[in-house]
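Each of the two complexes below includes subunit A, the first together with subunit B, the second together with subunit C.
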Partner chain A sequence: MKRPKYRSVGQNQRKVDGEALVTGQARYVDDIELRGMLYGKILRSPHAHARILEIDADEARGLPGVHAVLTHHNVPRIQYTTAGQGAPEPSPKDTFVLDEKVRYVGDSVAAVAAETAQIAEEALKKIKVRWEVLPAVLDMEQAMTPDAPRIHEMPSANEISNPEKNIAAQVEVTDGDPERGFAEADLVVENHYRAGRVHASHTEPHICITCLDEAGRLVVRTSTQVPFHVRRIIAPLVNLPIGKIRVIKPRIGGGFGAKQEVLLEPICALLTLKTGRPVRIRLTREEEFISSRTRHAQILRSKVGAKSDGTITATELEVLADTGAYGSHALTVQCNTGSKSLPLYRTHQYRKGVNNVHFKATAVYTNLPVAGAIRGYGAPQGFFALDSTLDEMAHKLKMDPIDFRLKNLVRKGDSPALLEKLGEGREGVKQILKSCGVRECIKRGMAEIEWQQKRARKNGGVVRRGVGMAVLQQGSGIPGIDMGAVTIKLNEDGSFNLMTGATDLGTGSDTILAQIAAEVLGTAADKCHVFSSDTDLTPYDTGAYASSTTYITGMAAKKAAEEIRRKVLARAVRMLSEKRGDLTLENGRVKGRKKSISLGEVCADALYEHDQEQIMATASHISYDCPPPFAAHFADVAVDTETGQVRVLKYVAAVDCGTAINPQLAEGQTLGGIHMGLGYALSEEYQFDDRGRLMNPRFLDYKILSASDMPEIKVILVPTFEPTGPFGAKSVSEIPTNGPAPAIGNAIFHALGVRLREVPFTPERVLKALRNA
Partner chain B sequence: MLRPFDYFHPNDMAETLTLLDQEDETSVLAGGTDLLVKMRRGSIRPPVVVDIKGLEECQGIRWEGDRLSLGSLTTFNDLLRSQEAHKHFPLLIDAARVMGCYEVRERATLGGNVVNASPGAESGSPLAVLEAQVVLKGRRGERQMSIGHFWQGVGKTDLAPGELLVRIVIPRLPEGSRSTYLRRSRVQGMDLASVNVAVVVINPRLPESREIRVALGAVAPTPIRAREVETLLRGQEITSSLLSQMRDKIQEGLAPRTTSLRATPGYKKEMVGVLTEMALEVLLKG
Partner chain C sequence: MKIHVTINGVPTDVKVAPNEKLLDMLRRMGYYGVKFGCGRGECGVCTVILDGQAVMACLTFAAQAHNKSVITVEGIGQPGNLHLIQEAILDHGAAQCGYCTPGIVCSAKALLDENPHPTEVQVREALKGNLCRCTGYQKYVEAILDAAEKLRETSGRLE
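Our next item is the complex of A and B:
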C-alpha cells in the first residue's frame, strides 16, 4: 500500500508539556494554594461491615480550627455511582456520599474541614461512633450463598442486579450454538483461573480542591480523567445546576483508570458549600490503596473446543468477579472481559456461519475495597484465562501454539458477532474489522524472540528456560457512546490554541492532538498551544478512558483543523488572488503558484482588515466503529525449580496500533503497559487479614517492579491503516497490559510442563504447582 | 504525619552523650531511613531527636590490629566504596549491594541497621556470621559485646538509655577464607529480604580443616547462627547426601512468624537450606 507522506504525524515530536514536566514547572492540583483554604480529612471505617448506631461529632466541631464536620446526618441522601461514565452510567447506583452503614474497612464515615491538616486529623479522633458490627463476607465465592450477609439491603437499591444475593451486576450472552460446538469438538479443554486484586499505582494520589468563585459558582480543581462526568455526577449531590459548577483538570500525575472515578469531589464540594471556604482533600498513599479503586479480582472458567486439525469449534468464559463494597464499573468491566478476549478468535470455520460463543459474568459484592476501572478494564483477566486455555489446547493437539492461534485468529473483513450483542453494559454495535495486522505482529515478534530456536531448546537442571506468547486485542473508544470535541482558534503569529476536554494524564494525548492538528494545518506541532481541560472553557469530552483519546478526540481535532484550513484558504484566495486549487499549506504559510503568505498574516487580515472574524472552529466526533489494536507478546523466562523464582529475561511486544501518530509515545505506552502487566503477573497482590483489613497498603509491602526488575523489552510497531481513525490511527494505551500474564504463564508451562492458573506467579505458587504436578 | 519534636545537632561526643543522658525518650538520627519512616507512620513519637551526623568517632573504616573497625555512621555506599570490605568481607558487599536503592544506601548507616534490629536486616546475618562486636559508649564509659548478644528480639537491643553505638568491629578472617550473602526477595529492586543467609568458609580448599559458618536472617526474632549445621559440615567432604542432611537440619527448630507478608514460614524454612547450598556451591568452587 502506498502510504501518504506526513510531516507531523508519525514523527517523534517532543512532548508539548515535556519541558514543564521535567523542570518541575507543571502545576498539579497540589501546587495550587488558595487564600483561606481548609484541609479536609475523611474518617475511615475500622470495620468491614457495620451500622452506625450513633455518631457524635460535637467535640470535633468544638475543636478550635475546625470549620465543619459532615456525617450521614447532614449530607443529602442521594444514591449515585462513583463510576465516571457517560449518562446514564451503566453502574449500579449504590453509593451515598456518607451512609449510616459502612461496607469495608476504609469506607467513609465522616469528613472534617479544618485550618490545618493536623487539626483535621485531631478532629477525626474526636468523632465518637457507636457501632453495630455486622457479619462480613470477604470471599466472592461465598457472597452469593444464602447465609451470606446482605451488603446492600435498602429496598431503594436501584439498578443493583440482585441485592438479596449480593449480585451487583450480571450479563450473559450466547452466540450461535456453543453446546453443539463443544459436542462436535474432538477435544475440549476447560479450567479455572484466578486473577488477584491489584492497585493502579499512579504516582499522584487523588486530590481535589473546591472553592466558590465571585459569582458563587462552585469551582472544582481535581485530578481526574473525566472532568465533564465529574460536573454532571456531583450536580445533584451538591444540589447545584450543572451550569453553576466548573471543573478544572490541571496537570495529572497518572491515573490508569483509577481517576475515572468521582471519589473526593462530592464531599470536598459539600465542605466548601458548608463553610464558604476553599477545601482541599488529598488521599494518603494508604488511603489510596484502601479507599480508591482496584482491579476486579476474578475467578474465570475458560472452555475451548477444537477439532483435531486445530479448528476451534466453540469458546466459553464464565466469570465471577469481586466488585468489593460498591459496584463501580461492575457491569462494564465484566462485559469487557468477554468482549475483548473472545472475539479475537473465529469459532465458525469448521461449520460456516455458526459462531459458537458463550459468555457469562457475575459481579458480586464483598466487604472489601472497591474495584473499578484500571487500564485494560477486565481484558487482562479475560486474556489470562482464554489465552492460557488456547496454549493448553495447542499442547494437547501437539500443535505449535502459534500455528494453532494463526489457524483461528480473526481477519480483516470479519464481523465478530459477539460484539453486536455485548457492548458497554448494553447491546453492542456491529463491527467489521477494517485493519488487522495481527499476523504481521506474530511474524515479527517470533523473529525477534527467536521462537523456533527457543522452543526447541533442551531443558534440564535447576533453572529451566521457556518461551511463551499471547495474542491480544483491545478497542478504540466505546462505539456509539464516546464523543470528543475540540476547538481551535488562530492567532496573529500563526500559532493556534487547541482547547479540548480530553485529559492528558501522562499519556501524551496533548502532544498527539497537537500533531494531528499541525498535520492538517501544515504547521509545526509546537505552534499548537494545547489547553486541557476546563468545563467552562473547553468543549465536552467523555474523558481519558477506553483507549479513546487518539482515536475519538484525535478525529475531532482533525475535523476542527480541517474547518480552520477551509477558512484560511478562503481568505488566502482573495489575499493572494490565486485559485483555491493552487493553494497549499506548508511550514506555516499558504503557498500559491506565485506568492505566499503566512498564517499570521491571514489571521491579521481576519481580525483587523477585511470582513472581520475570529478564525476558529469546533468539531465533535463519535464513532460507531471500535477498531481493535492487535498485539503479539512473547516472553523468554528462566524458572528456578528450587526457589520458584520466575525471571523474565526478554520480552517482545509487537503491536498494530494503525498509524502511530508519535512512535516514541506509542512505544512508551507499550513499555508502561508491560510494566503494569509484569507486576500483575509476578508480584502485585492485595493481602487481607481475616477481618478484611488490607495488610500491605504501602509500596514497602505491595511490590510493583522496579527498574532493576525489568527485563530487556523490545517493542515493535507494526503499521496498518485504520480508515476510520485519524491518519489511520487506532488505540495503543491499554492493550499492552493484557499480555504479560498469559505470555509468562505460557512460557512457564514451556519451561516446566506445569500450568499456573493464578496470578501473580509468586515463587511459592510456582513451587506448589511443581509439587502438585 | 510528623509530630513536633526538639532537634539537636551536637558537635562532639561529649555533648551527644550529655544530651542522650539528660533527655528521656530520645531518638538518635543517623541516616534517618528507618527513623523518619517510623515517625511519619506514628509508630514512634520521640519528643527529642539527636542528630549524630558528622560525629567523628562514629566514622571511618580502619584496622585496629586484627579487627576491622567500622564507624556506626558508615553508610552502605561507604561500604561499597571500601577496598577493605571488598577484599576481606565480600559478603558485606553482597549485602550492601541489594540494600534499598542507591539513594537509601547513600543515607542508611550500618549502625542504624544494627540498632534497628530487624530480623531480616541486610547487615544482620553477615555481621552474625562474622562474629562482629559492637562498641557502645555512654557517659559512664564504653563497653563491647558480641553482636549476637546485642540483639535481643525484633527491634530490641541491649543498648542502655543514654548509650550510643559508636563502632562495629569485625575480626579478620584467616587468609583464603571466602564468604557470601544470598537472599530471597519478592522483587529485585527496593525490597526487604524475605529470608537471607550469610556463609563463611575458612580453609575452603582443605576439607579436613575446613570450617563453615552459616547465619540466617528473617527466620527468627534476630539473625541467628545455624550452629548444628556448622557442626554437621565441619571438616566434611561436601556430598549430595550431606547437603540433603544439611537442608533437613537447618530447618530444625525454626519457627518463622506466620504474619510475614513477604513469605510463608514453610517457604522461608525451605529457602534457608536452598540458599545455603547455593552459597556453598559458589564458595567451594575451584
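Our next item is the complex of A and C:
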C-alpha cells in the first residue's frame, strides 16, 4: 500500500517538554510551594483486619503546630471507589475516606495536618487507638471459604458482587460451544498458572497539594492520570459542587496506571477545608508500596484443545484474582485478562467471529494491599497463562511453536465475538480488525532473534540456552466510553496553543498531539505550545489510561486542527485573492499560486483587521473501534542449572502500532514496557509475613532491574495503517508489558524441558522445577 | 550551623541543621531539579555531583558539603545552553517522565568527566544507582555514549 507522505507525523520530533525535563526545569507537584502550606500525614493500620473501638486524638490535636486531625468521626461517611474511571465507575463502591474498620496493614486510620512534616509525624504517634483485632484472610484461595471472615459489611452492597463470600466482582462469558470444541480436540492441555503481586514503581511518589483560591474554590494540584475523574469523584466526598473544584495536573513523574486512582486527593482536600490552609501530602516510598495500588495477583486455569494438525478447537481461562482489601478496578482488570488474550486466536469452528471460548473471572477480597490499574491491566497475567499453554500444546503436537500460532492467529477482517460480549465491566462493542500486522511482526522478530538457528542449538552442560516467543495484543482506548477533547487557538506569531485534558505521564503524548496538529496545519510541532491539564482551562478527557491518548485524543487533536485549517484557509482566500483549491499549508505559511502569507499574518488579520475573531476550535472524539496493536516478543535466555538463575541475553520485540507518530517515542514505550515486564518475569514480587505485613516495601528488597541488569533489546516497528486512528495510528504503551513473562517462560522450557508456571521465575522456583522434573 | 559550599560554581554560605540532608538543603534553596524518590539512597533521582563524584543527596548530610563543590542538573546546562549530554538525551528521545533524568544527567556528567572513553558496560555501571521505570535505560545509554563521542570531538578541536 502506498502511504501518504507526512512532514511531522512519523518524525523523531524532540519532545516538546524535553528541554525542561533534561535541565531539571520541569515542575512536578513536589516543586510547588504555597505560602502557609501545611504537611499532611496519614496514620496507617498496624493490623491486617481490625475494628477501631476507640480513637483518641486529643493529645495529637494539642501538639503545637498541629492544625487538624481527621478520623472516621469527623469525615463524611460516603461510599466511593478510588478507581478513576468514567461515570458510573464499574468498580464496587466499597471505600470510605476513613472508616471505623481497617482491612489491611497500611490502611488509613487518621490524618494530620501540621506546620512541618516532623510535627505531623510526631502527632501521628500521639493518636491512641483501641483495636478489636479480627481474623484476617491473607490467601485468595481461602477468601471464599465459609469460615473466612467477612471483609466488607457495608450498609448497602454497592455493586460488591457477593460481600458474604468476599467476592468483589465476577464475570463469566461463553462464546460458541467450548464443551464441544474440547470434545472434538485430539489433545487438550490444561494447567494452572500463578502471577504474583507487583508494584508500578513510578519514581515520583503519589503527591497532592490542595488549597482554596480567593473565590473559595478548592484547587487540587495532584500527580494524576485522571484530573477530570478526580474532580468528579471527590466532589461528594468534600461536599462541593464540581464547578467549585479545580484539578491541576502539573508534570507527572510516571504513573503506569497507579495514578488512575483517587488516593490522596479526598483526605488532602478535607484537611484544607478544615484548616483553610494549603495542605500537601506526599507518600513515602514505603507507603507507596503498601498503600498505593498493585497489579492483581492471579491464579489462572488455562485450557486449550487442538486437532493433531494444530488447529485450535477451544480455549478457556478461569481466573481467581486477589483484589486486596478494596475492589478498585476489580471487575474491569479481570475482564481484560480474558478480552485481551483469548480473541487473539481463532478456533476451528470459526465463522462469523464465533470461537469456542469460555472465560470466567472472580476477584476476591483479602486483607492485603489493594490491587488496581497497572500498565497491561490484566493482560500480562492472561498472556502468561494462555501463551504458555499454547507453547506447551505446540511441543506436545511436535510443532514449531511459531507454526502452531500462525495457524490459529486472527486475521484482518476478523470480528471476534467474545469482544462483543466482554467489554470493560459491561458488554463490549462489536469489533472488526481493520489492520493486523501480527504475521509480519513474527517474521521480522524471528529473523532478528535467529529463531531457526537458536531452536536447533545443541544444549547441555550447567548453563543451558533456550529461545522462546510470545504473541500479544492490547487495545486502543475503551470503545464507546473513552472521550478526549482538544482546544487549539492560533497566535499572531503563527504558533498555536493546544489545550488538552489528556495527561502526558511521561509517555510523550504532549509531543504526539503536537505532531498530529502540526501535520494538519502544515507547520512544525515546536510551534505548538501544549498545555495539559487543568479542569478549569482544558477540555474534558477521560485521562491517560487504556492505551487511549494517541488513538482517541490524537483524533480530537486532528479534528480541532482541521477546523483551524478551514478557518485559516477561508481568510486566506480573501487575503490572497486566490481560489480555495489552490491553497496549501506548508512550513507555517498558506501558499497560493502566486503569493503566500504566514499563519501569523492570518491570525493578525483575524484579531485586528477584518471581521475580528479568535481563530480557535475545540473538537471531541470517541471511537467504537478499539484496534489492537499486535506484537511478537522473543527471548534468548541462559539458565544456570546449579544456581537456578535465568539470564536474558537478547530480547526482541516487533510491534504493529499502526503508524508510529513518533517512532523514537514508540520505541521508548516498548523498551520501558519490556523493562517492567522483565521485572515481572524475573525479580519483582510482594512478600508478606503471616500477619499480612509487606516484608519488602523498598527498592533494596523489591528488585527493579537496573541499567546493568538489562539485556540487549531490539525493537522493530512494523508499520500498518489503522483507518480509524489519527494518520493510521494505534496504541503502543501497554502491549510490551505483556511479553516477557510468557516469552521467557517459553524460552526456559526450551532450555530445560521444564515449564515454570509461576512468575517471577526466581532462582528458587527454577531449581524447584528442575528437582521436580 | 553554617557551611561554605560552592553550588554550580557560585560560592555560598548556607545555614543548615546538623541533621539536614543535602537533598533538603538544595530543594529549600530552589534547586528543584534534585528530586525526592525514596529518601534512603535506593532510587538515585536525587543524584548530584559532590567534588566530582556522583552522590545521592538524600544520603548525604548538608554538612558534608562544607568547603566542597556541588553540581546539580541546573549547573550542567540550562534551556538554550544545553550540555552535550542533555542534547544527546533529547536527540535519542531518551527521557520520558523526566523524574529520574536530572539524576541520570549528573551520573553521566560525573562519568564522562572522569572517563571520556567509557564502554557501554561502564555507562551501565555508572547508571546502576539511577532507577528509571519508564525507559529501560537503553536510549539513555545510547545517548551517553553518543555524548561521549561528541565531547571527545569537541575537546579534540579545542586542543
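Everything below uses one rule, namely that the second predicted complex is superposed on the first by the 765 of 773 C-alpha atoms of A that agree within 3 Å, B and C clash if a C-alpha of one lies under 4 Å from a C-alpha of the other, contacts with A are read in each partner's own complex, and residues count from 1 in each chain.
FYI, contacts are C-beta pairs under 8 Å (C-beta built on N, C-alpha and C of every residue); 3 or more make two chains touch, one makes a residue touch a chain.
Predicted model only: the values in this text are computed from it and were never measured.
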Should the superposition on subunit A be reported as showing a clash between subunit B and subunit C, or a fit? fit
If we overlay the two complexes on their shared chain A, which of subunit B and subunit C does A:Thr643 touch? Say first, second, both or neither. first
Give one of first, second, both or neither to describe whether A:Leu505 is in contact with subunit B, with subunit C, with both, or with none. second
By the touch definition at the top of the document, which applies to A:Gln687: first (subunit B), second (subunit C), both, or neither? first
How many degrees, to the nearest 10, separate the directions from subunit A's C-alpha centre towards those of subunit B and subunit C? 40
Partner chain(s) touched by A:Gln118 [first = subunit B, second = subunit C, both, neither]: first
Pick one for A:Gly672: touches subunit B only (first), subunit C only (second), both, or neither. second
In the superposed arrangement, which partner chain does A:His73 touch: subunit B (first), subunit C (second), both, or neither? neither
As a test of reading the superposition: which chain, subunit B or subunit C, is in touch with more residues of subunit A? C
Is A:Glu764 contacted by the first partner subunit B, the second partner subunit C, both or neither? first
Taking the superposition as given, does A:Asn696 touch the first partner, subunit B, the second, subunit C, both, or neither? first
For the superposed arrangement, tell me the lowest C-alpha distance between subunit B and subunit C in Å. 5
Using the superposition on A, tell me which residues of subunit A are in contact with subunit B and, in the other complex, with subunit C. 699-700, 704, 706-708
Under the touch definition given earlier, write down the residues of subunit B that touch subunit A in their complex. 1, 101, 184, 186-192, 261-264, 267, 270-271, 274
Given the complex with subunit C, which residues does subunit A contribute to the contact? 12, 14-15, 17-28, 30-31, 200-205, 251-254, 256, 282, 284-285, 505-508, 662, 664-665, 667-668, 671-672, 674-676, 698-700, 704, 706-708, 710, 713
Subunit B touches which residues of subunit A in the complex? 117-118, 121, 642-643, 645, 682-683, 687, 695-696, 699-701, 703-709, 762-764, 767
Enumerate the contact residues on subunit C facing subunit A in the complex. 31-40, 42-43, 45, 72-74, 77-79, 82, 86, 89-102, 105, 121, 123-125, 127-141
